[in-house]
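The same chain A turns up in both complexes below, where it pairs with chain B and then with chain C.
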Partner chain A sequence: MPKVVTDVTCPFCGTLCDDLEVTVSDDNKKILSVRNACAIGSEKFNHTSLPGRVTRPRKRQPDGTFKEITYDEAIDWTANMLVKSKKTLMYGWASTSCQAMSVGHEIAEKVGGVVDNCATVCHGSSLIAIQDVGIPSCTLGEVKNRADRVIFWGCNPAHAHPRHMSRYSIFPRGFFTVKGHKGRKIYCVDCRHTDTARVADEFIQIQQGYDYELLDAFRTAARGEALPDTIGGVPKEKVYKIVEDLKAGRFGVIFFGMGLTHTLGRNHNIDEAISFTRDMNDFTKFSIIAMRGHWNVTGSGQVLSWQYGFPYAVDLSRRNKARYQTGETTSVDLLVRNEVEACFNIATDPGAHFPIDAVVSMSKKPTVTVDPHINMSTEISDIHIPVAMVGVETGGCAYRMDNVPIETRKVVDAPDGMLTDVELLTKINERVDQLMGAK
Partner chain B sequence: MSEYIIRNGHVFDPVQGIKGDKKDIAVKDGKIVETSALSASAKQIDAKGKSIMAGAMEVHAHVAGPKVNLGRWYRPEDKLFDSHKTPGMTRIEGGKSIPTVFKTGYSYARMGYTFAMEAAMPPLYARHVHEEIHDTPIIDEAALPVFGNNWFMLEYLKNHEIENNAAYVAWTLNQTKGYGIKIVNPGGTEAWAWGLNCLTVNDPVPYFEITPAEIIKGLIETNEYLGLPHSIHIHGNNLGNPGNYNVTLDTLKLVEGYKAKNNFGRKQVMHATHVQFHAYGGDNWGNFESKAKEIMDYVNMEKSITMDTGNVTLDETTTMTADGPFEHHLGGLNHLKWANVDVELETAAGVVPYIYSPNITVCGIQWAIGLELALYAKDPMRCFITTDHPNAGPFTRYPRVIKWLMSKKARDAQIKAFKNSDKVVAATNIATMDREITLYELAAMTRAGPAASLGLGKDYGGLKPGMNADIAIYNINPDNMPSDPEEIEKAFSGVAYLFKDGKICVKDGTVVDNGNKRTFWVDVKVKPNKQVAHDVKEKFLKYYSVNEGNYPVPDSFAPHPYVIAVDATQ
Partner chain C sequence: MKTVTLTVKQAPELYLECENITPDTFAGKKADEIAQLPAYQGKEDTTLGEYFTIAGEAGATAAETQIILKGDCSKMKYIGIKMTAGEVIVNSSTDMYTGGWMKGGKLVVKGDVHSFCGLGMEGGEFIIEGNAGNYLGASYRGDWRGMQGGIIRVKGNVGSDICTFMNGGELIVEGNADVHIATHAEGGKIVIKGNVNRRVGGQMVKGEVIVFGKIGLMMPGYKYTKDVDLEVDGTKANFAEYVGDLGERHPKRKGEPVYGKIFLKK
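What follows is the complex of A and B.
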């Protein structure tokens, strides 16, 4: 009899939907159906049974092809690489559990690693802004229960966080929001007419690169000061009208994404968005939430913070202190300046997302990639170690974009003999201990 | 397990009434035993010229959880020149006002602490709190879930449904692996979800039509109905504002007519926390003054209250509290970075850095108020020393607070060092107070007292045979007390020895063992309650953003639990 596993958490995006129902075969080997997930989420579960899945580590040969090796060989090679390298970039962590991160940090502290996660090419600029000006925020359930003014700025949840709008931000009926969508006024600020813009009540098309100016104009309008005729292509009358409407709301919220973090101004854009949010609290209640991408990138920031006090780009290479300096200890900068001797990628694909110079630099160093799938990083690595998929084949804690921790679940068994991230890292840690003890 | 005999030390133990007499302490299998129970192989520890106390117990500190961690990562400056690793078995430590989990565990242990209570756990974030507790070495920890603005509670208590509220509290303690009932700005934090506040005990909570006084009384009744080991633990309304001592007295007086009902030897029905922030006179920052005496007159008379001080340590620190509106207010005062998180159906939290400068009169007065509270306390078993870490200062400053309490000379030197010392003296009574806290009183204020208040007095906070072998040995000789107060601070900064569960974890101020860390929580059995089961189900279906099935803290988060079972079915 197939079994239904309920309350399953989706290991795809920062929305971390936890209401999935997955039907699995009687022997716990095969996923038969996935309910409630978005298209991307279901695909993630179905990936486990894709034909051609790699289930054993592979080592690159001199001719460029890969040859299967045992886990023990891969662990030994990796531990030797880590011990030998004076400074190793240990990048990724955004698609694994907090428990695995903890083991990874222990290794990094011993061998002198730089632990960085994909905030470094994503919401790192948001984190810098929060370090500068703080952040008034709330959980997503507060948005569902109270928000009557919602702004999507430089983000497109219709594609990137598909169930965000139905679970939290536009459609749900909550305690004080019994009318659901009808009781909320939705604004979308973007330079393109996105699919999110299509469901907004008002779309504000902004000229590319003018986010800082427009946010500044919102602050100016909130204080009742004079504006130029147009700001980033938006007429001042529109700005005044929107700000008046926001003030008339009971509870407002801004969601923002890469359109703010990685356009001209970067962290200063976020700084201005946060400052606008703070200003609005003089008139009504207002919050702001970053649309974090990977399902557990937030968790990596949390674990690094409680262990070392910094949310990403934590340099432990001196082994006796933790350092953090954006531009200095961040992955892309380290790679482009050739400041690391080896790379250890886990649970994220830098090959697909880093600038080409950084990827070329990585490809020339000893590199190990730990990932359930073949991806662009595995193809430039010396060793690819496949592991069980966290959130599908093993459980572990993850943090949602609003920092709420939710435990992911195991729904099916991993293919026979495959290790989980925690098991693999623990074995690497033990081998590192042996090698360092022998030194 | 090893056996030890600690010889020749001066023992301070309010549980047995030992006031510095020389007495041998025997340790076997993690417990304190009669010396006759030891075998010949027991290791000898010479404590000649040293003082021996039970492991200290932190009754209120923010050391684990979402707002603590936000404070850590949004203040990289807190780690500047303060990230380091000492040779040995420790991990990298970092942070001044909000230390990392590793530094938190080691620092408490080095000062002789063996237990810390995380003072505010938002139930929705309980998994985060327990992940941090799990990673904090050596010390035992527990966490108090916040209830003072919870929707279930507001709805039950509005209709005075104590039994339903009790069933809900029991359910939440079980789900979150929590220890007791914490209340922060009752009603005010719910009001803050709309940008409002409740500044007196009679201000109605928007929509829910209940007052803070009704919430507090209802939760006292709930607590005693269940017979929990700890009483309600309250941070009252109107924290931090001039003239708030009247609201504090109104809050304290709500205990009248209630009696403690429990099997743990606890006598109080209310623990009032960080009272320093609630003992202010005047009506603006210009005529701000101490009302410590007025507060302590009441506390000294009313035996149903325990309290902790919340001593200002005159440092740069990071304030953090579930009192959301207060942090917004504070951010408006000092214009440093304001962070806030509102938590659905439950609570909120704010974080703002703060600098308690000796050059600012108000900070000097706050410093004096914290010390006055302890110096006015007639019963050290009911008044405990805290810094409301990190709100009034980091817990790593306890040795300095102890120095001020034990030495008038040290207090006078600090008063003299204030830029506006005449104004501080005029607004307080500190300069006229000669009392110096004794080592025996200190043992009550930091060990036996907190243990009794938390309902742990049977096994913790003392050195009686049968009790847990958590023992701190300090390099301070009561027969030859140092004339230089700095020596007191030094002695309490690094223990000669710390025993945790009968194992030496710290020696000469250096961590030598990561101990056997445990997570304390309270498991209450109540009668099945269909109404509450229905309400929980409905709230999760309609209003929470997580499923009920994903709400509990998995057992793996507390692999070494110390579960206190309470049967409230009778």
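What follows is the complex of A and C.
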């Protein structure tokens, strides 16, 4: 008889919903239905039983086709590549468990790799700003229970984090927010009228690339100083009115996304947004939260930070010290400048996210991609090693976008003989030990 | 002053970390000892002698040592880092971190420099005859101490984020600059003889930025106060004075707030 697994954590986006109900067949092999998840989340669970799933490693042949090989052969090839290369980019980590990252970092220390996660093309600039000015933040639970002024700046949760608005930021009724949506005032700052803008009380349409100036204007207005007539296409009267509205709130929160982190100025935009949040705490309670994308990209930052002190782009090539410099040890720069000799991708798809120059550079180097799916990175790799899907076929720790750790669960068995990320990395680690011991 | 000449023998496959090419490390060493100094390429430990032919010998102290680099050094990082005295002359372009945390002496690059050069500079003279990349004279990531002293002169253009968290010293750019000049600055002086894209003095607490050309867009937190006559780097001219960033915190001196200043040539 099919059984229902409750309180399942969804391994898709940084919202990390933990109220899913998944029905699985009695032999624990097939997912029959997924409840409570958004369309993207359910699809992630249903992917496990898609026809044509790759269950064994594949190696590229001289004619460009892939041929199935054993896990042992793939592990040996990977370990040899890592030991031989003077500097290896070990990129990804955002869709695997913290336990797997820990093993991966051990390998990186031994082989002198550069560990980077997808913050590098996502919220890395937020992390730089946090290093520069700190961050007054809170958990999503506090937002649900307290926030009555919510700003979405350069993000579109209606599409990217579909259940964010219903679970935390707009619609839920909380302890001090008993009126739910009616008790909150929602602002959306964007250069386009997005679907998130449609549910906002106030939409502030900004010219693209003027976020820094507009945030500076908000700060200037909060201090009661004069402003020019328009700032990035927004009239000064609107700026003064919004600042007064925000000051009148009991608890405000800013959620920001790629519209701030990857437009002109990048980290400076976040820096200014954090400084504005800090300023608003002179008048009321205010917080700011990054809308992290991949479900465990925050976890990768956490694990790297407690192990090496830096949240991404950690260069371990001088094995007695960890170094970090965005612009130098970040994946795209390493690839475009040809500063690495080999690439090891795991649990993220750089082929889909990196600029084309970086992808072309990667395709010319020895590359191994570890991923449950066939994706754009596997297609430019020499070896593709499929693994069990973390959060569906194996458990592990993950961090939500507000830095709250949540344990993911195993709901079904992986296809027979498939390794998990932790098992695979442990075996690569052992093989690296053997090879380095023999040297 | 004694001279050591390093001529590039072979270009590194990746990039070579040359933090030992400074008068301080070379001082008191002969050519064969300098050849044994470590250099790094990824995880590979190598020596300067592998990549350079070394001639001459160093003086007894850093101040008595001159280093001349010949050949293409565009894949060499960290040249002249933390130098306290003496002279380094590079006859080509260099890569990142050239002249980082420099405390004294003179460093001349007769080509372009990449990003993160002159980071947290405390003293000395750094001359770049070509263009400079981003983060010139800025602070290291997360540090609140950018350029603190000394002088950097760039004959060409500079990139973005120059002199972030600047606390002192002087930067003179004879060409143009991109966005984000003197962000978070708490002192120091920047002279730009060309044009600036925009975002000059964002979040600036104290310090001066003098622009001879045009600024694409003034930050909304800046307010025009008066016209002033100034002599800047040998040129006398009339400038419009703006104070700000009014959105940022500002300390008070004798009861009056101290602002950052932008001088724009009229």
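Simple rule for what comes next: the second predicted complex is superposed on the first by the 439 of 439 C-alpha atoms of A that agree within 3 Å, B and C clash if a C-alpha of one lies under 4 Å from a C-alpha of the other, contacts with A are read in each partner's own complex, and residues count from 1 in each chain.
Just so we're on the same page, a residue touches a chain if its C-beta (ideal position, glycine included) is under 8 Å from a C-beta of that chain, and two chains touch if they have at least 3 such contacts.
All figures in this text were calculated on a predicted structure; none of them were measured in a lab.
Applying the stated contact rule after C-alpha superposition, one finds that A:K365 touches neither chain B nor chain C. By the touch criterion defined above, A:R250 reaches chain B but does not reach chain C. Within the superposed three-chain model, A:G327 lies in touch with chain C and out of touch with chain B [touch as defined at top]. In the superposition on chain A, A:Y308 contacts chain B only, with no contact to chain C. Contacts of A:R319 after superposition on the shared chain: both chain B and chain C are touched.
Looking at the shared chain after the overlay, A:A226 reaches chain C, while chain B stays out of its contact range.
When the two structures are aligned on the shared chain, A:Q131 is found in touch with chain B and with chain C. Judged by the touch definition given at the top, the superposed model places A:I406 against chain B, while chain C stays out of reach. Of the two partner chains placed by the overlay, only chain B lies in contact with A:D7; chain C stays clear of it. Shared contact residues on chain A (touching chain B in one structure, chain C in the other): 131-132, 319, 324. On chain A, the positions that touch chain B within their shared complex are 6-7, 9, 18-19, 98, 102, 106, 109, 127, 130-142, 144-146, 167-168, 173-176, 250-251, 278, 281, 284-285, 287, 301-311, 316, 319-324, 397, 399, 402-407.
The part of chain A that touches chain C in the complex is made up of residues 85-87, 111-112, 128, 131-132, 212-213, 216-220, 222-223, 225-228, 231, 264-265, 268, 271-272, 275, 279, 317-319, 324-328, 337-341. The residues of chain B lying in touch with chain A in their complex are 64, 66, 68-70, 72-76, 78-79, 83-85, 91-92, 94-95, 98, 100-102, 124-125, 127-128, 131-132, 135, 151, 193-195, 207, 328, 331, 336-345, 348, 351-352, 542-550, 554. Here chain C touches chain A in the complex through residues 13-15, 17, 40-44, 96, 115-116, 134-135, 140-142, 144, 161, 165, 179-180, 183-184, 199, 202-203, 217-221, 223, 245-248, going by the rule given at the top.
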